[in-house]
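Presented below are the structures under discussion, each in the form of structure tokens.
In the two complexes that follow, chain A is the common piece, with chain B as its partner first and chain C second.
And then the complex of A and B:
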């Protein structure tokens, strides 16, 4: 059958290239590799929160059937990289470094791994793990942020660099809202939330030689993982292979290297066999990060005609005692609205808990809950429609950086969303709409996230069978990276997507950054584009030796179809691949790096979103149902409306969880979580989510990259929780400033 | 994993003997709770006596009532034509519980024997008198937003998690059991226990006693019934609080008979007989329901994090009765 190459691949709602593999179970995840001689490891966690491990009795565990080793800090081999003094340069956003597992006897948080049992089956390892008995010298611990707010401190990065985004920010007068005509001052709290991707954090570590390590790992960055563990073991990076072909969701928790990964590598050294380690769902709460509990205070003043005159936004986020984790909680407040006076102050409280890590829409989603709730509160004070209030304070250029936006189509998003949700039904007075015992309300929340782009390299090769193979070390944690890269390549080459293979998820492939911060399409997309253009040029050069038409052709005009290379599809110019491929292999392969240029100096680059919610609140039981949710995004060019829409919907459902149910709660007396499974830690089920409506402005941004993309992953969730909280206020007149908004808060 | 024996008798007496003679043995049917508890090391039976081969799945008429076999699946009972006609409240309560997948595995007998979902019970590193008598109650001064407001003791403030049982206690069901000393019937209200000084005992079953059936007597509650479950998400969550309500209303809108019970408030499904009496003979109006709700809450006492139940309780009773009356 003849495959017709479509002209327009970019934007087409193409099905996922790996969809069938995923739904049939053929896709292999990090815990599914069966290597001969494989062993299984289970971690034992501390049952105290702070203190010292005085002794650990592993005898019963060692005698248990099938057990090969029990590793603790008493017998662990030395990890050479653990002794390197000073801060870990591999963690640019953190000061300190990941926990160095089995290095000392200090207990820094509850469920900190204190032992690892390796056995010939997972069941036997788990059984033996329960037989490990530890003795501790307990010390008084601190796990409550409010109780430790007085000790909150400016992050080290801000102390060292006053221009750091974590430093105190000032434009106009300090705390000017206090003298404003109409003002408010509100405190907001978001609890700890945990990523909980469907796939548990897993790693299979295999020392293929004493100095050669292969890791099948759940990671968002194969190269970051390679770098971290090469450094831990003082190995050249090329001696460490990281494989993450499929990642079953991550939402940020695989952006960091965690102690369980180090533990598996240590264990593989000890037993001299491959070791597979998969965390339990309970361990997912304690040792692989979370969205930190954060307290915020927001002060705002405005003129009676609805112009914001000042905003002050302060926050205290929790971090661990051994690692300073920071995130951009206050970023949106500095640039979203036209206010002459803005003050932001970001602080940390170090508690006896594991380190946090960025969770989808990281700090911005936390900050937007305060900012966008306060916007709603001020609109209510002013007796103004919240959408109108936002329009009156719209920014046509970035007020923080004093630069033009690269593109900003947020007004268009407002319009699209307001129409779809039926914003005209919203009443200014809360509690005006009802259906029996159900109170109905409408709310909105805005989100933004930097349109980040980094360098990326892609290899492209024409194969003898007429297909093109592309390779890149990027990962695909679920957004559909392989699919959209195939589309970009298909369009650039003029080849059918079926003839393109995009291989990803291996550290041995050409370099790309970690999949995080909504940056993959922005970064890898142009590299695919440029690699495909370079490949065409290379082929054109080869063809030129036998066909004059190619000698004068531009690389953009070269098309690959149906076994032939042509100039602009002109049949008369056809050169068969078979002829081209008589050249040595390297001649038909290219590797190209694409990097951002100086545009970032000139423009302020952001994606924008707005979320509109219609909620129903039962006046007797306090139950909330989100009956409509409309998410509109200005994310530049949409490469695939299906996978992009899928990301938006996923983010919106995550926002429902954030608004209404997710809270990881610690009993501070013990420092242990009391919500440690899916019976206690609720995420939305289908019945909690309406059919989320998504609309894209779909206008290219000419400055981020040649594709015009800006990024989707984060803005999908940023602003959703306040949209729902604001809708609840509109329905009930109750302003809930502490998430999640559970029924008990509404009765 | 923990080693255990597994037997699968086909005769009732063999099953009873196997458990009666071995204090470390447990019956297993659907296993939807016991297997979880075993995986976490909370329950460590040395022997599992699988009763799925016993002929206890039937739902049949018996002496002006429905006799529901202990091994009837939750989903089967919820969808059963006779149950839906004669005891629609039971069907509603069953469908409010767990998920479709779990209801397809869980049995009627097993549902009644669910252990509490108290987080302290579920964590081996926390104190819990129910799991390990003498260690103290972690929830008493801990995070107790899910916990009891009725019938608790200073040894245990956990609640029973079953939805089905709330309907069964309201409907005056009886539990039929067979044991080493023969058969007996236990009124549903006496089946589960309050914690007192022995919170480790959830029920009044004697060692080796096997639930064989639940009998629900026919009654007038075939129309005006409702099961109102308030939870933190729309489905698949344990109740913050639930109410089973059944009314018999005559042509003058007067309540001839009423049944009311709450879930998520006590160590057992909590029958509200005084509130029922407050309803009988009164008009089926919101005002009547509010008065009954006040009666229902007498004696309730809250802890640090569950004071909301003192308000959610009466509100949910009113909502359940309103919905039942309108049904």
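And then the complex of A and C:
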């Protein structure tokens, strides 16, 4: 029977269920919905960095052809939630909150939106936006982190809760590395990096009635977006519909609700027509977050035989003046290596710039650059192979939480990667390998990220045509969520993937968390599994009334095949769907919530990765080519090797950008970015990327969920930048501690 | 400032009627001085608007269009906003990312860097016009098979560029493909898979 090969759906390298829509241009992103009466909105940003708006002349813009409205804080309708949002007891006001657009005359950062022009075409809105003229009362601004390091402060969350992961941490003695026999102390800098998904941040806002709002929005969380804007407009959540069927990349920048979204909603209210707003690439630097500029200092001591005795890791990350953004920059240092003494101190510096937001791998990727570079530096000091040095400090249980790992197959990753990259060719002495003018070096970097799981709910229904429809409010920013959920459902139901539809990206579907922190498959996957099992049980119950075999069958043994329900595939037990579906519709539908169990209390749960790089550095020009990149992951069960492998490759490419080119540069005199587009802010292109090789250990983690998954998205990039930096050191003997490693730093 | 929902539509129709009746459609350079003065003042926006549009004939994916467009409208915005062919993507609007790549008379072009009116009488092919009915183009098939995308936003541009890359004879090696595809950014980083897809199509020898 052709349906018999079904039980191996999990792990199969299945093509994406939405692949055809993506290659034919039929996939619709948030600025692509055809809605009658659509209008176009363009934001105008402030040209100063700090101060007050004294006046805005919008007359010329208002007179321009096709202009429907010019909205500023002088004429904006009152957004009711702006007055109450900060007072919500669940949102501590001391930690600040998102910018409330058009609420006051304060300028908090350069290019802060000060006006919105709505017109009947892009061309007319863009033209009129140029006619808006603002006058300001300027104040002195601060945009340089190092110049403001002395004012860095402990985050409010840590002040309130000493157990917060942002609080100072110590085990053993404080700063014990200072008295170590063999020690190092180095400073590292990561500049501001910008997510820059290829889809510009876009929203189409449509008030379908005075109290009913529909948003086609680029968001990683349909429900978070619904909550935020329902709150802004004091609406019941069910009155706000958020649609994000396709999201053109995000990498974290759609984890937050931004002022441009509020602006589009205000505008749609003002013109009483649907409003489409698409940021420009330049505005993507200023209005939708970034990976914050971060200074770090790492001290480490070790014994001559390569045992780490102490690590102290400090960091200062940048945030805005109106919102305290924090991330887990120091998390990896606390748990990755067996050091008896560890101290971490996390601080923030508030600058006159927009708020940051988690960017892929977030703080862990920043922190890993310092930690994994320092590991390489210490291995060099000890004259040890860096892989051997890591093995000597390997931890078999979490030294921070003193709990066993749920699973950890990092040693297996080391082995897989070292073989593939040809680690045995690496020489201890830097600058030993060359090919003409090209110096060749090898480096490694380790990554880890929590295997997070949240609650998720999935609806499943057997339809009259014999297919099963699953629905969940989760999103897919690119990893292939719909595809792997289809595979999980196919395997659980015993049905071919072609007979399954997994709908996502709408807030009206059953609840799921935001797509972020590598948690989607961990959370939604088990909900799909449980919903499918519940559906089978429900169908079994219906079948039992006409067929005795089902009465005694377990739900796991019930199989859905082409047109029939059977017990264990036994043809004698067949019950036709047609018979089952004579029941009222609800009888063949279930909605099931799946939640994490108590295992999180017992185990420390992390995904792990290691990245090995081979680089070629031109000794005259300082040009760096990443000639090989091998990424190996212990991410638990791999549901789809094709999409998972793609995600790993993508993270590695992101790491090349981090290591070698990405640098959003502010001219501190004006507080303004001088990098405004892809000509100034370089991201990796085809020619910058080698054929990235990926290997998975593919061992299930029985404690995160029944599928055994642990998450991929973050560990794909965490550790890549230091692997490249370490390879450059091995090639040239030059240790670069400030990213990106551009040729000027090597010649 | 006009905030009436109905009014703009009426406005548009009035303009369209005016344009239909006008014999001066393409005579922008002959606009008499007083009209320009009226337009640059705040008096007669209607007159100014009337001269904003010019006629344009385009063949898009085999469909002939007779259009009336503003000269400042890019080919990209024309495709997306007026013809509702949203498969062609806007990723930067500066010709730096390649998401808007289409074929103009068979050549790959960044449609965001090109005014629609520059293409009078030309043949435009977008991602929507690449497949043969339900049958995907070999490059589309190969992108699906090799998972040459993640979020899918750069994909139409990558595919249009990839087809041109093979046709141009620039898909001879992995390195050559990478060089000649470097105008198309994939922030998800699916480059290895995109190159594999292009190599397969090139090596398969199918007509692209």
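Worth a mention:
One rule holds for everything that comes next: the second predicted complex is superposed on the first by the 732 of 747 C-alpha atoms of A that agree within 3 Å, B and C clash if a C-alpha of one lies under 4 Å from a C-alpha of the other, contacts with A are read in each partner's own complex, and residues count from 1 in each chain.
Here is the rule we go by: contacts are C-beta pairs under 8 Å (C-beta built on N, C-alpha and C of every residue); 3 or more make two chains touch, one makes a residue touch a chain.
Fair warning: this is a prediction, and the values are worked out from it, not measured in the lab.
On the superposed chain A, the positions of chain B and chain C stay apart, so the two partners fit side by side. By the touch criterion defined above, A:677 reaches both chain B and chain C. Shared-chain residue A:477: touches chain C; no touch with chain B. Touch criterion not met for A:438: it reaches neither chain B nor chain C. Legend: residue contacts after superposition of the two complexes on their common chain; A:123 is shown touching both chain B and chain C. Within the superposed three-chain model, A:200 lies in touch with chain C and out of touch with chain B [touch as defined at top].
With both structures placed on the common chain, the touch criterion links A:82 to neither chain B nor chain C.
Ranking chain B and chain C by residues of chain A touched puts C first. Of the two partner chains placed by superposition, A:153 touches none, neither chain B nor chain C. By the touch criterion defined above, A:248 reaches chain C but does not reach chain B.
In the superposed model, A:685 lies in contact with both chain B and chain C.
Distance between chain B and chain C in the overlay is 5 Å (nearest C-alpha pair, rounded to whole angstrom).
The interface of chain A with chain B overlaps its interface with chain C at residues 123, 127, 677, 679, 684-687.
By the touch criterion stated above, chain B contacts chain A in their complex at residues 1-2, 41, 117, 119-120, 122-123, 125-126, 138, 141-143, 145, 228, 230-238, 240, 308, 311-312, 315-316, 318-319, 322.
Of all residues in chain C, those touching chain A in their complex are 1-3, 5, 8-9, 11-12, 42, 45, 48-49, 52, 70, 72-73, 77, 80-81, 84-94, 96-97, 99, 126-128, 130-131, 136, 140, 143-145, 147, 149-156, 159, 174, 177-179, 181-195. On chain A, the positions that touch chain B within their shared complex are 47, 123-124, 126-127, 130, 437, 618, 620-623, 625, 660-661, 665, 667, 669-670, 672, 674-677, 679-680, 682, 684-688, 740, 742-744, 747.
The residues of chain A lying in touch with chain C in their complex are 15-16, 18-29, 31-32, 34, 37, 39, 62-63, 65-70, 120-123, 127, 196-200, 246-251, 270-273, 278, 280-281, 477-480, 642-643, 645-647, 649-654, 677-679, 683-687, 689-692.
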